[in-house]
Amino acid sequence: MNSIRRLEEIFAHFPGIGPRQARRFVYYLLGRSPAAVKELVELIQEVKSSTAECQVCHRFFTGNEQADKTPTCNICADASRDHSILMVVARDSDFEIVEKSGAFKGLYFILGGTVPILDKEPEKRIRLKALLQRIDADKPAEVILSLNATPDGENTADLVKNSIKGTKVTILGRGLSTGAELEYVDSDTIKNALQNRR
Amino acid sequence: MNSIRRLEEIFAHFPGIGPRQARRFVYYLLGRSPAAVKELVELIQEVKSSTAECQVCHRFFTGNEQADKTPTCNICADASRDHSILMVVARDSDFEIVEKSGAFKGLYFILGGTVPILDKEPEKRIRLKALLQRIDADKPAEVILSLNATPDGENTADLVKNSIKGTKVTILGRGLSTGAELEYVDSDTIKNALQNRR
Amino acid sequence: MNSIRRLEEIFAHFPGIGPRQARRFVYYLLGRSPAAVKELVELIQEVKSSTAECQVCHRFFTGNEQADKTPTCNICADASRDHSILMVVARDSDFEIVEKSGAFKGLYFILGGTVPILDKEPEKRIRLKALLQRIDADKPAEVILSLNATPDGENTADLVKNSIKGTKVTILGRGLSTGAELEYVDSDTIKNALQNRR
Amino acid sequence: MNSIRRLEEIFAHFPGIGPRQARRFVYYLLGRSPAAVKELVELIQEVKSSTAECQVCHRFFTGNEQADKTPTCNICADASRDHSILMVVARDSDFEIVEKSGAFKGLYFILGGTVPILDKEPEKRIRLKALLQRIDADKPAEVILSLNATPDGENTADLVKNSIKGTKVTILGRGLSTGAELEYVDSDTIKNALQNRR
C-alpha cells in the first residue's frame, strides 16, 4: 500500500471519521504549506512527549519537566483542593467537562472507560483494581461516581459501587438536564425529577 | 382555491407538517376507501363533541354525558388522589407523560402554554389568573411546577413562582436525564447533578 | 378503545406519522375552534366526494359535475395536448411534479405504485394490464417511463418495458440531478453523465 | 497557549471538524502507543515530501524519484490514454471519483476550486490561465467540464466555457442521479431527464 492510502487508513481510525473524510484530510494536508504541516507534525510530537499519564488519577497532563520525573498532575498535587472527595469519571473528556463546570473542588480518578452490560472481563476495560488501591491508600470520605446516565454508565456505576467496601459512594443526581422537555423524557427521569424537586 | 388546495393548506398547519407532507396526506385520503374516510370524519367529530375542557384543571377529557353537564374530569373528581398537591404543567401532552410515569398521585393544572422571555403579555399565553384563583380556593400544601428545562419553561416557572404568595412552590429537580452523557451536558446540569447526588 | 385513542391510531397511519405526532394532531384539533374543525371535516368530505379517479389515466382529479358522469380528467380530455406520447408514472405526486415542470405536454398513466425486486405478484401492485390495454387502444408513438432512479423504480421500469411489445419505450435520462456533487455520486451516474454530455 | 490547545486548534481546521471532535482527536492520540503516533507523524511527512503537484494536470500524485525531477503524473505520462479529450474537474477528490468510475480514459486538469457567483477575482480561485495555456498547447478535440451541478459549479462552468475559444466544450449531462426520486427533484432535472431520455 502506498503512503497516501496508509495515511487515509490511519485517519479513518480517528474517532468519528469515515474513509471519505479521511481522504479529505489527506488532500487538506497536501494543500497546506510545508510550514503548516511541519507545525502539525511538531505539535503532535510535542504533545505526545510532553504529556504524561498522572500516576495518581491517570489523566493525561502536560508539564515538561515534571512529566519526566514525578508524573503527578497539577490537580493531584494541589493542596488547596479537597482531598477528602474523590470523583470517578470514565474518560479525560468527562474530567474536563466537570472541571470546566467549576462545581467540583475535590480530586479525580479516570477509570479509562466503561463496562458494557454482560461484559465478562471488566478489569480489562476499567482501572478497577487501581481505583480500589487508591481508595484504600487515601481513604476519602466520599467517592462520587460521575458516569453517563446510559446503560453502560449505569452498569459501570453498579459494578464499581459494589466493589467499594467501607466508603461512602454516591452517584450523580438524576432529573431534567438543561434543555430537557417533559414530552421527550422517560418515566424514570420524571420520577427522579419529582423526588429531587426543590 | 379549490378544495384540495385548501385541505392541503389546513394539513400544513398541523404540528410539524410542511406543504409536501400535507399534500401526501390528501393523496393518502384520496386513496383510502370511502368507509375509512367516513370513520376518520366521524371520529374527528365525535372526539371534538365528546371532549370537554375540565373546568378545574383545564385539560381535555372524554366522557360523553358528564362532559355536557358538569365539566370536571375523572382525575379532578377522584377522591382517592392527593388533593393537597397540585402539579402545574404547560400542556395536555406534558400531563400525559407525568400521568403515564405513575410517579404522581396529586392533582393537575394545565397552564395552556409557556411564556417566552421578554414577552409582555404573559396572561395571554398562560392561565395564570385561573391558577391563582384555584390555589386560593383549594389551598394546596404544595404546588409543583413541572415545566420544561428550557429557557421558555424556566421563564414561565419564574413568573408563576413569583405570582404565588403564601404557598410552597417547588420545581422539578435537575440532573442527568436518562441517557444523558457527561460530554454533552452543560455546566448547570453538572452542578445540579452534583448537588442532587445520592 | 375510546375515540381519542382510535383517532390517534388513524392519524398514526398517515404517511410519515408516528404515535407521538398522531397524539399531537389530536390535541391540536381539540385546541382548534369548532368552526375550524367543521371546515376540516367538510373539506375532507368534499375532497373525497368531488374527486374521482380518471378512468383513462387513473389519477385523482376534482371536477364536481364531470366527476359524477364521465370520469375523464381535464388532461386526458384536453385535445391540445400531444396524444401521441404517453408518460407512465408511479403515483399522483409524481404526475404533479412532472406537470409542474412544464416540460411535458403529452398524456399520463398512473401505475399506482412500484414493484419491489423479487416481488412475485406485480399485478397486485401496479396497473400493468390496464396500461397494456390503453397502449393497445391508443397506440401512442412513444411511452416514457418516468420512474424513480431507485432499485424499485428500475425494477418496475424493466418489468413494464418488457411487457410492452411493438411500441417505442423510453426511460428518463440519467446524469447529475440539480444540486448533485461529483464527490457524492456513484460510478453509474458518472458514466451516464459522461454519455449524456452536451 | 499550550501545545494541546494549539493542536486542538489545528485539528479544528481540518475539513468538517469542530472544536469538540478536535479535542477527541488529541485524546485519541494521547491514548495511542508511541509507535502508532510515530507512524502517523512519519506518514504525514512522507506523504507531504513524496507527493508532488503534477505540472501538467495539477493534481497531487505520489512517486518518489519522479516527483523530484519531472513532476508529471502517471496519467499525464500514460501514452495509452486518449490525449485528445481533456476533462476539467474542480478538485483532486473529483478526479478520483471520475477515475474510479472507469468511464473516462482521457486526460485531466484540476481547476483547484470553483468560483462562487458574483466573485470578482475568479483567477484567484481557479487555474483558468493555466487551463487556457494547456488547451492552447495541447489542442484537445474536446474539453469536458465535470463540475458539480450546484450554483458554484454551474457558475464556474459558464465562466470556463466562455473563456475557451475555438475548442469544443461539453458539460456533464443532467438527469436523474442514481437513487433520485421524482418527488424530490426540481423542474430543471425533470426537463433535462426528459430531453436525455433513451
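For this structure, a couple of remarks:
When the chains are written out, they are named A, B, C and D in that same order, and each has its own residue count from 1.
One rule holds in what follows: a contact is a pair of C-beta atoms (placed from the backbone, for glycine too) under 8 Å apart; a residue touches a chain by one contact, two chains touch by 3 or more.
Predicted model only: the values in this text are computed from it and were never measured.
Under the contact definition stated at the top, no chain borders both chain C and chain D. With chains reduced to the mean position of their C-alpha atoms, the one farthest from chain B is D.
With centres taken as mean Cα positions, chain B sits 38 Å from chain A.
Centres computed as Cα averages put chain A at a distance of 53 Å from chain C.
Counting partner chains per residue, chain D has residues 93, 183 touching two or more of them. Taken as a contact graph, the chains are arranged in a single closed ring, with each chain touching exactly two others.
The touching residues of chain A, counted against chain B in their complex, run 89-90, 93-94, 97-98, 100-104, 144, 146-150, 153, 170-183, 185-198. Listing the residues of chain C that touch chain B in their complex gives 2-4, 6-7, 10, 14-16, 21, 23-30, 34, 37, 39-41, 43-48, 50-51, 60, 62, 91-93, 96.
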